[in-house]
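For reference, the structures are reproduced in the following blocks.
You will see two complexes here that share subunit A, one where it goes with subunit B and one where it goes with subunit C.
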Partner chain A sequence: MTDFIQLLVAGISIGSIYAMTAIGFVLLWQTSNTINFAQGEFVVLPAFAMVLFLTVFRWPFAAALLATVLVSTLLLGFLVKEVLVARLLEAGVLPLVIATIGLSLLIRYSLQYFWTPLALPFPPVFSRVPIRLGTIVLSWEELMNVLLVGIVIGALQLFITRTKLGWAMQAVAQNRTLATVLGIDVSRLVTLTFVLNAALAAVAAILIAPVYLVKYDIGIGLGLKAFYAAIIGGFNQIRGALLGGLLVGVVETLAAAYLSSQFRDAFALVILIAVLLLKPEGIWGVKEEWSS
Partner chain B sequence: MRRLLPLGALVLGALLPLAFEQYKLYVASLTLVYLILAIGLNLTLGYAGQISLGHAAFMALGSYAVAILGQRGLPFEVGLAVGAALGFFWGLVVGFPALKVKHHYLAMVTLGFNIIVFLVLRNWESLTGGSFGISEIARPAWGPISFKSDRAYYLYMLGWAAVVVTSAYWILTSRWGRAFRAIRENEMRAEVVGVSLRNYKLMAFAIGAAYAGIGGALFAPLLSYIDPGAYTLDRSIQFLMMVVMGGLGRFEGPFIGAVLVTVLPEILRASEGLYLIIYALAVILMMLFMPKGLVALWDRALGN
Partner chain C sequence: MALLEVHDIHAGYGKMEILKGVSLRVETGQVVSIIGPNGAGKSTVFKTLFGLLPVRQGHVRFAGEDVTNEPPAALLGRGLAYVPQGRNVFPLMTVEENLRLGAYIRPRSAELDREVERVYDTFPMLREARRKRAADLSGGQQQMLEMGRALLLRPRLMLLDEPTLGLAPRVFREIFRIIEDLRRLGQTILMVEQNAAKALEISDYAYVLELGLNRFEGSGEAIRNDERIRRLYLGR
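And now, the complex of A and B:
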């Protein structure tokens, strides 16, 4: 039982990071029909940036964090939107998908080739002193991950439901043509979404880096799980991505401990296929109209 | 004449490697394997608009079928047939749930499939030899005629490549090919005029996977040794790049792509990391400036 609770908390902790990555993914899809295959690398790049600022430049933590978010939003937010997405948006889903696959390879192998193929250690963000509740041992890292992700997602939800900009985003997500007619600057909103996604990815990077270590290829698994989380929960809902992320995190952690650690990465796919067969719009999703 | 000219060039180009020295002949043989896989993926991606990131996994099914059945004394062709059938079957299994929804889901499901196949190959040691793989995979022989030498095996592979090219040509000029194209051009319209979207997409994907099985089967005896490292996601992505660079949905596309992706590293002589970066850049630039692929240059040269 003790083991189970510890594993459950660990699963929720990693799942909350998947959820945050998945939410950015869903936002991009909703406002710009971009399926970002580079989403995993969008987390890896800021993680490397953080290592650069923190351990190479030896900047204080807050400055490094700020610089990381800045780099991420500029490169992965503005630049990607202006150079790739703005030009390919009208060409349909497929060219943009292929371009983001190219982008993921470019980021991944550039980091490997120009920086290092090795895993870089990342200084712990939170205290490593364990918390003991009777026989249960938890870590600050796990609890703070969940708390931080909760705060970020809460703030995002408030932004989307309570501000004018957030309403405009919802309008674009629901019907782009109509939003344009209503005088919403769609292009600016797409940029905003990319910047938001990049900022979310930077936060995810800082949370996941101490867990996974920083390596050029961790983005493959991370991006995959974020995508699975988004489909499992419902591709068109923030809460769906949240649910999906937690589910993937918990199931894979428990299954790795109790069933097979060698096949850890396979369990998310099993849930995904089950969901696709039984409820293709996702557990919490809404059926979409023809959108092409 | 316009048709005969490329055909003649093709036959000549295909026979030319027989005069090559050993290493170049090996590169040419590898190009044939890639060509078969790229033709399969082009059917799936270029014509039916479905992204598969798991072609290396289907290829692995073919390679391991040949290797494992060969160990048990069965002839190569049986392994190849089993490999193609396995590719087709798993194509249906993987494609069925993914194609139930939107077209982009297939990409992620196949990506996951690739990872799982890799894990199975590495961990099912009693069958696959685990990380050590399987060695001494025999080349085919028909009674007294043996395809053991590199040149003979190249010819043998060329025969299968011809079968694949011809069958793909036949599929694409048949009713099916027209349906595939109709789906790619406009899904909604295709459905309105009575094309059963899902069945055709599923078939396009499963046939592409079966071709990958054939390519994989031919690949195994080429090196006479296989291990899971040859069937990673990177390999799948390489196939995707071939098809995109050659020209999506164009019959000539895979030929250009396969030759380019195998020959370019030989010319560049750069480390693997660097040419992956170059490919990645090329794919992005291609999407931005030449979405029709390199085949567009060819078109321009021919003046149409």
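And now, the complex of A and C:
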């Protein structure tokens, strides 16, 4: 039982990071019809930036964090939208998909070539002293991951449901043409979404870096798992991505411990296939038959 | 001075030219209809007027100012509202949210709240359904929602594209009753309607388009009684 609770918390912790990355997927898909196959690299790049600011420049943590979010939102949010997406959006879904695959390769192998093919250690963000609750041992890292992700997603949800700009974002997601007809600046909202996604990715980077170490290729697995999570939960629902992320995290952690650690990465696929067979729109997804 | 003056506009998609020189005039307070067979370019006129398709040649004047190729947001600000053809709602939002998004370019205010109430007075069906998701509305209710949404912009001119397309006869009559009410209240309307005979009954003026060109024009009554038009477009 003790093991189970510890594993559950670890699963929720890693799952919350998947969830945050998956939510970015959903946001981009909804407002700009972009399936971002560079999502994993969108997390890796800020992780490297954080290493740069923290261990090379030796900036204090808060300054490094701020700089990382800034770099991420500028490069991966603003620049990607203006240079890549703005030009390809009209051409449909597929050219953008190919472009994001290209972008992921560019980021991944540039980091390997120009920086390092090795794994870089990442200084622990939270205290390494374990928390003991009776026989259960938890880490600050796990608890803080869940807490921080909860705060970020909560804030995002408030923004989307309570502000006029957030409403406009939903409007663009549900009916793009109509949004234009009502005077909503769709292009500006797409930019906003890319910036939000980049900010989410930067936070995910800082949380996942101490778990995985910082290496140029960790984005492959992370990006895929976030993608599975989004599909499992429902690609057109933020709450779906949240559920999908947590589910993937918990199932793979438990299955790795109790079934086979070699097949750790395969369990997400098992859920994915099951969901696609039984409820293709995702557990919490909405069928899009009404969209034109 | 006409509220809307469209002079010899040309527009289309890619190499295909749909409008090959269309001219229209709408005076304040009028209901004006555009009729014509499928493929005449009726809906394309609206898309072009509203800045969704570029005007390749010709010009559009609204309230005396040249608005050719202005983007939708600017036109909305000038008092031009557009109710597109087909289901055009935000399906996962409630009726009330849909209405308020119609007034997106207006700041939130007590006045806006009163106008939302007035829309509910005009469309009591919407008041009952205010907490329902737009996706769960019937076709007629959705159409009313779209018209109510446009009214929240207090438009000087309302563009109605096929307001009764695919609606049951009872709802059809209801929509027309509302258009007549709006007309009595002084709302200027330019509309495209597949039921030309009915549209002409309530129109001050009408244009007949064919293959992207003006073919006939005249008062609603004159067009309705014109033998050639009867034979060609009204099917009797």
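A few notes on this one:
Everything below uses one rule, namely that the second predicted complex is superposed on the first by the 289 of 292 C-alpha atoms of A that agree within 3 Å, B and C clash if a C-alpha of one lies under 4 Å from a C-alpha of the other, contacts with A are read in each partner's own complex, and residues count from 1 in each chain.
The rule is simple: contacts are C-beta pairs under 8 Å (C-beta built on N, C-alpha and C of every residue); 3 or more make two chains touch, one makes a residue touch a chain.
Keep in mind the model is a prediction, meaning the values are calculated, not measured.
Contacts of A:131 after superposition on the shared chain: neither subunit B nor subunit C is touched.
In the overlay built on the shared chain, the residue A:183 is in contact with subunit C alone; subunit B does not reach it. Once the two structures are superposed, subunit B and subunit C can be ranked by residues of subunit A touched, with B on top.
By the document's definition of touching, of the two partners only subunit C reaches A:171; subunit B does not.
Of the two partner chains placed by superposition, only subunit B is touched by A:277; subunit C is not. By the touch criterion stated above, A:269 is placed in contact with subunit B alone, subunit C being left untouched. In the superposed model, A:103 makes contact with subunit B only, not with subunit C. Of the two partner chains placed around the shared chain by superposition, neither subunit B nor subunit C is touched by A:259. Residues 290, 292 of subunit A lie in contact with subunit B in one complex and with subunit C in the other.
Interface of subunit B with subunit A (complex): residues 49, 51, 53, 97-98, 100-105, 107-109, 111-113, 115-116, 119, 123, 187-188, 233, 237, 240, 244, 271, 273-274, 276-277, 279-284, 287-288, 291. Taken together, the subunit C residues at the contact with subunit A in this complex read 50, 52, 72-73, 76-77, 82, 84, 86-93, 97, 101-102, 104-105, 108, 135, 149. Residues 35, 37, 84, 87-88, 91, 93-99, 101-103, 105-106, 109-110, 112-113, 117, 220, 224, 227-228, 231, 262-263, 265-266, 268-269, 272-273, 276-277, 280-281, 288, 290, 292 of subunit A touch subunit B in their complex. On subunit A, the positions that touch subunit C within their shared complex are 164, 167-168, 170-171, 174-175, 177-178, 180-185, 286, 290-292.
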